[in-house]
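Paired with chain B in one complex and with chain C in the other, chain A is shared by the two complexes that follow.
Let's turn to the complex of A and B:
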């Protein structure tokens, strides 16, 4: 029973991170936008949904849609000043934007209702889980897994349709520089902004699913580190391949959680173990960079 | 329409930190003509192309396209007006096939809109069929049919030139700025290319302005030739007039490049 619970938990995490990885892949893999602040969307989605459901007592579905809208809008807004930046500057700007979002929630307790020991650095607990009363404690995770998988599938279908459309062709051409698409009359800036908004929307979806699963969120869950875990998923899975993004999320999540079993075999402290998982992710990225530059699943050639 | 002016350039100046790349260039291009733009290396030809297509901002001067002033527009807006251009060094986005490159180019594709992808799938399919048909025709023209599913980055330099010509044709420009379309292209193919360029004008009514170092191409397909030197127009006329123009000979012979204008090779 313990193992089944763990596996369901792992599958839910894979699903949520799969959504994040798909949306980052749209931005980085397909469009070449080095978004180092993807966690901002995740964070905004989590807090927006918490605000709507916990404070405003709205139904879960409103929280979910609200999370997507707010995170998508944020993606659009931060790309207004940054859309003309080159890749490395873009990375710095997005990294900073994500920290701004995190620090905002760290300081503004009122966002999640306020009250003693609530909001800000205390985080906020008691986030309601959707349809919790219809299930037992044992069956609920299975239901939630189904919700996550439906969201993951929807994300995959939508992003995949986009990347295979003429829209996808334009964003792929932006990856290698602005000149050519510009000369063909493509408004590169507008396409970048759309990609940021779409990626943000799905990042927000993942954040909402995360918040309502754990029932507790706090700003220190949304450190830049989270962004890089998602990056590892895209790099290891295979950039510009939507299946690769999901495979990457599965692989990284397996390794990320594998270290917890190490303590049964190696005498090692819990604290060290927690840091060790980051080492594992780092090693995986390096291995991918050296031996599989294109990731586990390579970018597919479009043949007509 | 024989004598109507499609592109008019007046007193264009462009400065790069003290180097005057364009020093008051003025000329007009007639609609439905093939005009050559020549000049020694560094005379400002590519800079002029970049100014016309909006990639560089001019310091002063005016550009009129079909009688309308082009001012402060982004390159993509200028392309949408109907001015197509190719680059001296051909660009090909990574991991896109030759055919994808061609299908990228048509303007105002329904499927470029995010919501249309989900709301208008039938129209997108219809447009796709049509573009695919055009693309296959253009592949024949540029002789890349066999390579249609090859990644564009794997093509040779000459093939990339051909691809960039094909790609810009897919976008159906009214005025086409070609930056050295035959550089690096196999000599037998150059002949076909000249025929193709002439056909573009004769059959599709596209006005062509081309930068070219190959004088045979210039004298065979251009009706008018404009010569730049040190950012200024030094001569204009038919290819025959240009070949005997004193100022032109002077520019080529005394220029730092020292290259012959009328050699028969390449």
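Let's turn to the complex of A and C:
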């Protein structure tokens, strides 16, 4: 793989994970919702868009919007049982919900059209890439990068506007306990559900971009591991800071992908290397939580 | 599969879950955070036992005991290194930290022992086969260990100073703290007991099935579900939750829901309707979500906290 190709690939991954990181940051960083099942939105977005574009032959833009709507709805629905509960319950309930989503796609191969060796654990290939015919194999990644960056920018602008609006002030007050927003007459439950739906919507967007970039998806790509990588991005980058979320995505993605080349220099097996990478991610989370609570970019404290 | 067989499988599963959920619940009770590294600690015990049993050739029972004790001490060391620095942090911060620690533990194990399934070296034992069920000597052991664990927990809670301190702390955390009960000494002992029990539970699961670095994550939701089902922080609730979940997981696949929907012929629903086996892991997840929806404090949960 040429260096330019690799850099474009890396930038696309940063963009997609940047969207995931921004949306998790809205839920955890700003609102204090410990969503350990963020990958569910990613997975739902990928499968919804694949279903719409590959099976129903809809245009890419419909797939993208459908992915956002379904993932957003899912965020709203899973917060119904948990919206009044403490953060410990959030964590395990969202983790469980994400696994249910993955098990669903593992068992139901009709979702992506069915057929021999398709769907279920086989995954599904041949997902069309938008406007592929207009570009050569060399120039297409650059076009896709542009698509991803536009989506990232849109996500950033929308989430940034939200967090600076009165809505943002309410969710930040929810983070430090229910008492204050309740005393001000805010419906804490409704705000939490909205945050899950909005975060889910953008998670779905990331999933759609992922599916159409790789052209192949399978339930194995949506393991809880992905959620934890996004968590590392939010925590290392700086929670409750949108720039921090993107910086976190960039840092973790550079670390995650650059260490792939280590095996060319030191004799180490692929599996061991993959494990050690995740050890570092885990240790990074622990160290950041103990010594660097604010992350790389601190939350802006506004005095009103 | 006969009805008796399903009951036996349920009790075996409940015994394994009990060992793990008891530890999770007492750590929550004393330290007030949901430890997402709990089942990963258990897997550390599983692999230590594998090392003692297969690499060093120790018989499985002493290997399991030594491994569980060592893992118990290791958890104290990790508490000193990580969680002790965050005693005053909010539950969510410590919980996220435990998640990071869990990822690090799981992948350290995978880096050292590899990702392949492994087995303990134990002599094959003939199962006891009757007309109604078959049970292996190992499964009898699992049930006995599970019952012994529950009984010793009960004795500990009611007949030792540690148990008294733990009950005081769960009855009224503020008062207990004011009386100087939740001291570092208690915390150390709670970690040791919780993780040593979890390690025994993990080893039993490893004996019954096989050993994988990923097994801790595979049981985290059933264990949390059992704990929440009974009322998080309540050891008796953890036991009850494990029992309910053990039965739910096995009966979920056994019951013909078609017959239930038919309501004795009233609705004329004649199709057989079983939960597909591929959804077995989803049963505990769905029960968890139902419990959160209907009774988030758990069956034996107290009303005070929400």
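Operating definition for what follows: the second predicted complex is superposed on the first by the 298 of 304 C-alpha atoms of A that agree within 3 Å, B and C clash if a C-alpha of one lies under 4 Å from a C-alpha of the other, contacts with A are read in each partner's own complex, and residues count from 1 in each chain.
The rule we apply is simple: a contact is a pair of C-beta atoms (placed from the backbone, for glycine too) under 8 Å apart; a residue touches a chain by one contact, two chains touch by 3 or more.
These numbers come from a predicted model, not from an experiment.
A.B. asks: Could you say whether A:16 touches chain B, chain C, both of them, or neither, answering first, second, both or neither?
C.D. replies: neither
A.B. asks: Counting touched residues of chain A, say whether chain B or chain C comes out ahead.
C.D. replies: In the superposed model, C touches more residues of chain A.
A.B. asks: Applying the touch criterion given at the start, work out whether A:65 contacts chain B, chain C, both or neither, answering first, second, both or neither.
C.D. replies: neither
A.B. asks: Determine, under the contact definition given at the top, whether A:100 touches first (chain B), second (chain C), both, or neither.
C.D. replies: The second partner, chain C, only.
A.B. asks: Counting only touches as set out at the top, which of chain B and chain C does A:85 meet: first, second, both, neither?
C.D. replies: Only chain C; A:85 stays clear of chain B.
A.B. asks: If we overlay the two complexes on their shared chain A, which of chain B and chain C does A:285 touch? Say first, second, both or neither.
C.D. replies: A:285 sits against chain C, while chain B stays out of touch.
A.B. asks: Once the structures are superposed on A, label A:179 by its partner contacts, choosing first (chain B), second (chain C), both or neither.
C.D. replies: first
A.B. asks: Shared contact residues on chain A for chain B and chain C?
C.D. replies: none
A.B. asks: Residues of chain B touching chain A in their complex?
C.D. replies: Going by the criterion above, the answer is residues 53, 55, 74-77, 79-80, 84-87, 91-97, 99-100, 103-105, 107, 109-114, 117-118, 124, 127-128, 132, 148-149, 151, 167-168, 171.
A.B. asks: Help me check something: in the complex, which residues belonging to chain C touch chain A?
C.D. replies: 28, 33-34, 36, 82, 85-86, 91-93, 95-97, 99-108, 110-111, 114-115, 213, 217, 220-221, 224-225, 228, 232, 276, 278-279, 281-282, 284-286, 288-290, 292-293, 296, 305-306
A.B. asks: Going by the contact rule set out above, which residues of chain A touch chain B in the complex?
C.D. replies: Going by the criterion above, the answer is residues 158, 161-162, 165-167, 169-170, 172-173, 175-177, 179-189, 194, 198, 240, 299, 301-304.
A.B. asks: Enumerate the contact residues on chain A facing chain C in the complex.
C.D. replies: Residue positions touching the partner: 32, 34, 36, 78, 80-82, 84-89, 91-93, 95-97, 99-100, 103-104, 106-107, 224, 228, 231-232, 235, 271-272, 275-279, 281-286, 289-290, 293.
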